[in-house]
Structures are given as C-alpha cells and as structure tokens.
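Listed below are the structures to be examined.
Common to both upcoming complexes is subunit A, partnered first by subunit B, then by subunit C.
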Partner chain A sequence: MTTARHSPLNSLAAHAALIAYVIVALFPVFVIVINSFKDRRSIFREPLALPDADSFSLIGYQTVLKQGDFFLYFQNSMIVTVASLFFILLFGAMAAFALAEYRFRGNLLMGLYLALGIMIPIRIGTVAILEMMVATGLVNTLWALILVYTAQGLPLAVFILSEFMRQVSDDLKNAGRIDGLSEYRIFAQLVVPLVRPALATVAVFNMIPIWNDLWFPLILAPAEETKTLTLGSQVFIGQFVTDWNAVLSALSMAILPVMGLYVIFSRQLIRGITSGAVK
Partner chain B sequence: MTALVLDDVCKAFGKVEVLRNIDLAVEDGEFVVFVGPSGCGKSTLLRVIAGLEDATSGRIAIGGQPVNGVPPAKRGIAMVFQSYALYPHLNVRDNMALGLKQEGAPRTLIAERVAEASRMLELGAYLDRRPAELSGGQRQRVAIGRAIVRQPRLFLFDEPLSNLDASLRMNTRIEIAALHRSLSAAMIYVTHDQTEAMTLADRIVVLRDGRVEQIGTPMELYNNPANRFVAGFLGAPSMNFLRAEPLGGPPGATLGIRPEHLTVGADGPLRGEVTHVEKLGGDTNILVRTEGDETLTVRVFGQYDVAVGAALRLGYDERHAFLFAQDGSRLSNR
Partner chain C sequence: MSERRPVRWHIVVFLAPAVIVYTAVMILPLFATLRLALFAEVEQTRVFVGLDNFRTLFGDPRWSASFWNALGNNFWFFAIHMAVQNPIGIALAAILSSPRLRFAHLYRSAIFVPTILSFVIVGFAWKLILSPIWGIAPNMLDAIGLQKLYAPWLGLESTSLTTLALISVWQFVGIPMMLIYAALLSIPDEILEAGECDGITGLSAFWKIKLPLILPSIGIISILTFVGNFNAFDLIYSAQGALAGPNFATDILGTFMYRTFFGFQLQLGDPHMGSAIATAMFGIILIGVCIYLFGIQTRLRRYQF
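Right, the complex of A and B next:
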C-alpha cells in the first residue's frame, strides 16, 4: 500500500461512502431482526423502535420452533444449497478446464452452447422439468432440487471459470505434464488453486438465489419431509391472517447459515486476491 | 549415439504452418542453440520435441527411440521455461522431487538426487521455501534443478535467462555452461540473445518462418553465412548492407560488410558523414551516412575521437566482404 496516495480527506470520503452504503444495505435486515423480538402490537405501532422491556417478546421464535419441523426445513435447505454449489463448482470447473485447455473440434460451439443457458431462464422449462422428475420418480426428493439448481448454475460458472482458466500459465501446466502429472492432477493441484477467487465468486453468486428460491421447492418437492426453509416459512403467511412474529423470526434465523457460507467463501476470495498481489 | 533426430518435422495450427520440414540431428552431449526472430517457431519446435504438441507430420527420435505419440514424461527429456513455472504450492525440495516421485523412484534415490542438484546450484539454504519466497535468480536455479534431478538424456531450455537482469544473466550463463560440461547430456537452448548463442553453442540453428536457414558452429555461421538473413541476424552491431553495383559488383547484388571490417582511412572507396558516435570504452561505434544515403556502422577498436558531422572515408577488405544476390542467397566471393 502506498502512503503517498493516502490523503486523510480521500480516505474520509471513501469511508463515508462505504458506511452510507452499508446502512442502506443493512437497514431492511436490521428492521426484520429487531421486529422479530417484539410482540405483535409493537411491530405495527412502532416498527422502527428497538425492543424494550415492554415490547420484548420471543413469541415469534416460540411459534416457529413449535410449528412444523423447522429444523428439518433448515437441514433440507442446507443440503440442497451445499450440494448444488458443490456440483456447480465441480462440473463447472471441469467443463471450463476442458474448454480453456484443449483444442478440439467444436470447442467454440460447445462454449457458446453452454453460455446460452445464461440468457434463458430455467423456469421457462418448469413443466418439462416436472414431467421429467415425475417420470424418473424424483418428485419430492431433494435430488430433484439439487439437479435443477446445478443445471441452473452451470452456464454462468463455466463462462466465468473458463475465462479465468485461460489465464493460468501454460508453462506451469506443461511443467506438470513433463513431470508426469495426469490431467486430473494438473487440474486439481495446479489450476484449481490458482482460480480459487473465481470459484468463490461463482459460489457466492449461486448461493443466495438457491437458498431463497420458492418456485422449485413448491413445484418439485412440496412434501413435508423435503420442504425447504423458504417454503416452510410460507405456512405463517396466510391469505387472510399473517403471523408476522413467526415470519420475521423465521427470516431472521434463515439469514444465519447463508451468512456463515458467505464468510467462508469471501475469505477465499480475499486470500486469492492478496496472494496474487504479492507474487 | 544421437540424442535427438528430427526427420522432416512439420507443425501446423489449423491452416497456419508454423514449422516446415525441419531436419536436425543432435549428438549426445552436444549444446545446440535455436535462434531466430520472434514468432519464427522456436518455442513450438521445442514443445514438439518435448511432446507437448504433436507434430503434424515427420518423425522424432530421442536416444534412438521413436517418440511420436509418447507422452512428455516418458521421453527422457526435461524442460526449463522462461517463466520458471514452479509449482506454487510446493517448496523447493518438492518442486525438484515431483518428477521422480511420479516415476515411482525410491525415496533414498530422490533425496540423493535433490541433494546433488541443490549442491550444484547452491540451493541448500532454500529447500524449505515456497517459490513465492525466492528471488527471480533463485527461482530460475530451482527450475534448472528440477530439470537436473530427472537426469534426462536431453535438456530443453526456452529462453531461461530472459527474465533476469544483465549481471545475473551472465552468471547464470556461465553456470549453465559449467553444468553442460559436468552433465554431458545434450542440451537444446532457445534464446534471443546473441551473446548466449555465440558463447554457449556447439552448434547454432538459425530459424526463420518455421524453416531452418542454416546450421553450423558459431564461427562457421559468423564467417561463412549461407544467406543474407543469417549474415544480418548474427553479430552485434549487425552487418552493414549496401548496394554492390557502385563498388564494382553485379547489378542488383548486395554487399555485406561487418562493422569491424570497415576501416577509417583517407583513401577508402566509401565517403560519408558521421551522424552519431557511441563510445563504449573498449571500442567505438561510428554511424556514417554515405553519399548513396545508406547508413553504415563502423566499429573501431579502442577509443576514437570523431565529431558528429565530420566527413569520413571508409575502406574495407575484399576478403571480409560478402556478396548476396537479390533474393538474399549468397553469391560466391569474388
């Protein structure tokens, strides 16, 4: 870091802008969390007030924990998200390596074909997907969701990762070949560690939409034992009455696991960036 | 026995022909240097020899064994890259040992070879460091060590010194020469650097546009270039070319004279004006614009005082002048 370019005024302005952004971004989350600790009356009377001795209540959390199998929903969401990310990164990275590394007939066409998926929303194919899932007996299993989310995430993953893999030094891969490493080890031990920041980016991009998705759980896996958290929370939102305490508590708790995952990935991201800088 | 035989090797990327009909034999223990302008196919030829690219046609044999279709690790070669290409996640010791480990060599043999190589290259103190914790020169020595450890029949170097600064380059050049003497393996070395080529090579191969222009010892190429391209490519400052006709040569021909073979003298046949003087201490380069508007470089041994703008007369020795036809081929000397 150069000190010469560091004027206090500049860093003040930068911090002010960043802090303003953080406030704007975190405000809705903040409102949800504080209201989840209040009783129903206070939520509507003073939505922005912090919970005090009067209004403090854990009724929402109690309802959520009593109602249905909330931990099972949690677990389902976690399994679906982590497994989908795993497959997206694994298959995405392998496809990207092949596209970036090997010259074969149809390489360019294959790349374009895979990238096409970025532009076409997968939900257009919902009916066909449902028919396929019914035919293969996967309806109401977590596999149905994992497969669909993997398919949904792959196009962007392949696109981003192949771009990064092209930048990995050819000499390094060739040195590995001369030393007798198999293509799989060159991929896993030489190339993947160098594109770790890109992998983390892809993971973060895919994680949130999968965690929050309501559409596919509702259509492909609405059974009690395969409900995801987002779907499970819907019981509190009725057509006529909504149990706001429960909804806000469920949302507050749903934030935690994604935040944990995000911290893991973002650490990878930062490590990747700084290790590139000192090299 | 011959370490390497290339027989009519061609390489094309799609429609682009990069190597055309390369024939070459490298004897055991020989040091062969590839030179040529950028993009002429030197690295591609090296990669074809290493097996990192397949030749489009032609035969390759290493140590008498045909190796077309043999994977790089089984060809008995080792390669040193311009960018070092060390494994970033392994320390120096493991970087050097990986190739042998992959071959399944016994652990004691690996330790022995690594110790030997690190002694030769004075890397003993750094064996536990990662590549990121080494200087450029040390990284390059590790890369060379990684090649030595495998005890290959043929070493391939692709511009190994071009990322080093001038003094380090000279030291490493001398180390490589010493290494070659002590290892007695054949080496193929790609470089842009005149001095490296002239000082290291037993034989130089001059390439242009994927073709071999001439093969010979450094002095053969210097004293007896086959064509104008080779004559101009080797030697620094490079050879002067001027129209031969005004000096009594055949029409259309070009006369080539090396800068050190031009002499300043009152009765020389060439007249001109000094446009620039470079004093290097040991010798002096004088740039002269002749009456025929050609620029000549004159290299005078020692320190020589002459002002820019002064009129000079230059002479040359017929025995040291080369005559080239219009297409660049060499005409027999007069």
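Right, the complex of A and C next:
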C-alpha cells in the first residue's frame, strides 16, 4: 500500500465522520441505560447526566422483577432460539450434504426448490400457518415458534452450507469410504467438523432475527407462559407507559442479553458477513 | 445414476427432515394462504368467491382507501431507505475501508449495534427520546439554538411516517455498510494503484473505480431493502400500535394485514381478507424480485478478480 492515498488530514476527517456516526448509533442506547439507574426526579431533571450517589436508584428494576415474569420470558426466548438453531444447523447440514455430495435425479431442482425461501418471507403465509397450528394443537406452545423459525432459516442455511461442503476434498471422503465408514459417519465425522466455521456463520445469522422477532410470538404464542422476551417486554412496556423507571429498566434488561451475545459473537458475525457468504 | 443401482436411502434420509419441515411450514402455508384469498365466510361456512376479495380490496371504497394508503406509505418508507440508508451505508463503508485506518474494528462493531437490537427496544427508545414530556430532543435542539425546529414528530400526521422510516434507517444502516465494506475489501490493490498512476486518487478514485465495481452489491442491498420494507411490521407496531396512528398515517402493508386478519376495535378479524392482502404483498415482492433478477442483475457487469 502506498502513502499517496493517505494523508493525515484525510484520516482526521475519516475519524471525525466515524466518531460522529458512532455517537448517533450509540446515543439512544446510552441514554436509556444510564437513566434506568436513576430515580424518577433525576430522569426528568437531568436526562443526560450519569447516575451519581444522589440520583442512583434501582426502583425501576425492582418494579420490573416484581411485576413481569422476565426470567420465564428469557427462558422461553433461550429455548426457542437454541432449539431453532439446532434444527436449522442439523437439518440444513444434512440437506446441504445430500445436495453437495451426491448426484441424483432432481438434485438441481431440489436445490432451487429449497432456495425459493431465501427471497420470499415466511410471513406471507401467516394466515395458513396459524390455521395449521390451531388444527394441530401447537398454538401457544414453543414448538410452533421453533418449527416456524426452523423453516424460515433452512433455505439460506442449505444454500450457504452446500457451497462450503462442495469445497471439502473428495479424496478425504473416499478414503473414509475405503476404510468402511458409512455415508452417515462420513457426514458426521468427516464433513461436519470441516465446515464448522460455516455452521457458526449460519448460527450467528439466524440468532438475532429469531431472538428479536415480534410477529410470530404475537400471533402463534401470545399466552403468558410462552411469551418470549421480545413480546414480554413489548406487553410490559405497553402496560407501564407512565412508570418511566419501570419502562427504562425493562428496556435495559431487554438490551443487555443481546449486547452480551453480540460482544461474544461479533467477530464471527462480522467475519461471516464480510466473507461473502451471502453474495 | 444407473438404473441397476439400488435406491440410495441415505440421500432420502439426509434430505427428508429439511424438505418436510420446509414444505410443511413454509411452502404449503404459502399456497394455502394464496388459496384462502379466493374464499369468504358466508353464514359460517367457507365458500369459494373467486376474485371477489380482490375486487373489494382494490375497488370497495371502505377497503381500497386503506389499501392504497398502506401501499403508498410503504413505497415512501422504501424510498427513504433507498435515499438515506444506502448512501450513508456506502459512505461509512468507503471511509472504513480506507487503508491504515486505526480502530476500524471498533467503529464497525459500534455502528452495527442498533442492527442487533429488537424493534421493541428501538421503537420505545426513540419514542421516549423524541417525546415532548421527557424533553431530550427539544433540550438538545435548544442547546444549539434550534428549538423552533422541534415538533412532536412521531405524533404529527405529516411527519410520523418519515420519522419512523428514519428510525428504521438508523437501525439497519449496519447491513448495507457491512456488505459494501466486504465488496470494497475485495477490490484488488493493483487496480487502485493503476488508477493512481493515471492520477486518479481520493474521491475521484471512489466515483470512477470503486463505485462501478461495487454496483452488484448495491443491487443486492437494494433488493434486500425492498423485501424487508414490504414485509415490515414490528417497528410500526412497537412505536404506534396496530392502529398505525396518528390516523393511519404510518400504516403499511404489514400492519394493515395484521389488523385485517385479527380485527381491531369493533371490526372482526377476517382471515380471507387478510389472505388477500398477503397475496397482494406476495405479488409486490415477487414483482420486485423479478425486476431485480431479470432487469437489473443480468445487466450489471461482474468482474472476476
């Protein structure tokens, strides 16, 4: 790289622009979180000040923990997200392996059929999905959500994973076959470990939309015992609109788990996006 | 595949779970919804009415006014994303990809934070910040002497849709930024250096060399934005409720379908009209995707490096 494209003035301007945008991006989150730790008076008097010994208060969090069943909501969200990711990865990897490894009649057609769902949002079918879930008695169970998210995540998962599986060397698989491994063990013991980075990418792509979805929890599982964290905080905040402490604390409690996951997985996520897996 | 070989059951086993779940939960309901749009409930039985629901939706003044309103709003929502989100995303990516920029990782991660938050958080957080009761927005404008500009933007019919679209832009700017960033990184240095030899540097290098090379990625983010915007729902619902107030000024197809399907206030839910709206959304998205696939993508020149 040459220095001709690089002058101190330019890089100063670049940093200034980026810092300005970072402030725009983080300011609302910052304001919500700092005010959740203040008492009601200071929230209104000095909304931009950090909480100090005088204004510090956890009253909002106490209300939230007393009134809303946030641990249950959190648990539901965890179950739905983890189970959906498990099925997306397992079924997606299996189908991707079949499409990438074997030549059979209808291979291309099957690939196209599974890829249809990448562009068409599953929400279009909501009316019939609800009728089906009611008919099968799955409405207001976490299974309804897990099934929907699995179906939603599969097309892209199959697409990405089969691209990666085509790159696994044939010699390795044939060596396994000569050693007498069954096709199932070749899949599970040779191929899956080799595409682990791709599996992680698919998992991270799917995790955030599933965790944050409001539409399907609202329609398929609105019962108290199956509410997810997103729906639970939506309902809770709607009820407590005038209790600013509670609303700000509920928002912060909804932000923190996602931020935690983001800090853990951000490298994977950004590497996944920038590696061109979605091109 | 030879005819004499036995059926290779493992292929069936590998494909079956994905195909079954995908077909049963996604494809069949999609077609069932399109089919439901051709029926109506008369005296508690389901009867076939052909295209009557669509005639009602597009022609009956009670329905068509809401439908065209939602569709128009949806197009405005999309236009703002195209005009604001994608240029900002491209600009940020261009700055981030400049060589030897320090803290690039940090900036990238920070700018992506809003994208990972749920609509519920984003909707309420902005509602509070823009609220005249709390006064963060008016006070900040006051500090720079612009208090006259303040208005309860989310509450006014004239500004609420644009405000919500900008909030959505704020939330999703990270996605075009990342995709364009990836595209910019894949441009080989030799090309840029060749440009430098010809005296093309800085901004003109961006306009003359980089931008033409990333056009395919801009095409992809445009179609992703289109599909995302035309089945959007969550942000409007979180910030304005199912009624998409004030006075339906922020109603888009997603909220319109939700209201029609589930009913609101005194109107009963109607799954058949809901399906008709879903079918219309499906048609719009299909047209958009086809325009992209056959009209735009095939004309963009791709360069192999």
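Everything that follows uses one rule, which is that the second predicted complex is superposed on the first by the 202 of 279 C-alpha atoms of A that agree within 3 Å, B and C clash if a C-alpha of one lies under 4 Å from a C-alpha of the other, contacts with A are read in each partner's own complex, and residues count from 1 in each chain.
We adopt the following convention: a residue touches a chain if its C-beta (ideal position, glycine included) is under 8 Å from a C-beta of that chain, and two chains touch if they have at least 3 such contacts.
Small disclaimer: the values here were computed from a predicted structure and weren't measured.
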item: Partner chain(s) touched by A:S169 [first = subunit B, second = subunit C, both, neither]; value: first
item: First (subunit B), second (subunit C), both or neither touched by A:A95; value: second
item: Touched partner set for A:D179, first subunit B, second subunit C, both or neither; value: first
item: Larger contact residue set on subunit A - subunit B or subunit C; value: C
item: Which of subunit B and subunit C A:L190 touches, first, second, both or neither; value: first
item: Partner chain(s) touched by A:N76 [first = subunit B, second = subunit C, both, neither]; value: neither
item: Contacts of A:V148 with subunit B and subunit C, given as first, second, both or neither; value: second
item: Which of subunit B and subunit C A:A25 touches, first, second, both or neither; value: second
item: Touching partner for A:R105 - first (subunit B), second (subunit C), both, neither; value: second
item: Subunit A positions touched by subunit B in one structure and by subunit C in the second; value: 275, 278-279
item: Complex interface listing, subunit A residues touching subunit B; value: 169, 171-172, 174-181, 189-190, 193-194, 275, 278-279
item: Residues of subunit C touching subunit A in the complex; value: 1, 8, 10-11, 13-15, 17-19, 21-22, 24-30, 32-33, 36, 88, 91-92, 95-96, 98-103, 107-122, 124-126, 128-129, 134-136, 139, 170, 173, 178-179, 181-182, 185-186, 189, 192-193, 196, 201-202, 205, 217, 220, 223, 227, 231, 233-234, 237-238, 254, 257, 261-262, 271, 274-275, 278, 281-282, 285-286, 289
item: For the subunit A and subunit C complex, residues of the former touching the latter; value: 1-2, 4-6, 10-11, 14-15, 17-18, 21-22, 24-26, 28-29, 31-32, 43-44, 47-48, 87, 90-92, 94-95, 97-99, 102-105, 110, 114, 116-117, 119-129, 131-132, 147-148, 150-152, 154-155, 158, 182-184, 187, 208, 211-215, 218-219, 230, 233-234, 237, 244, 247-248, 251, 254-255, 258-259, 261-262, 266, 269-270, 273-276, 278-279
item: Subunit B residues touching subunit A - in the complex, by the definition given at the top; value: 47, 50, 52, 71-74, 77-79, 81-89, 98-99, 102-103, 132, 146, 150
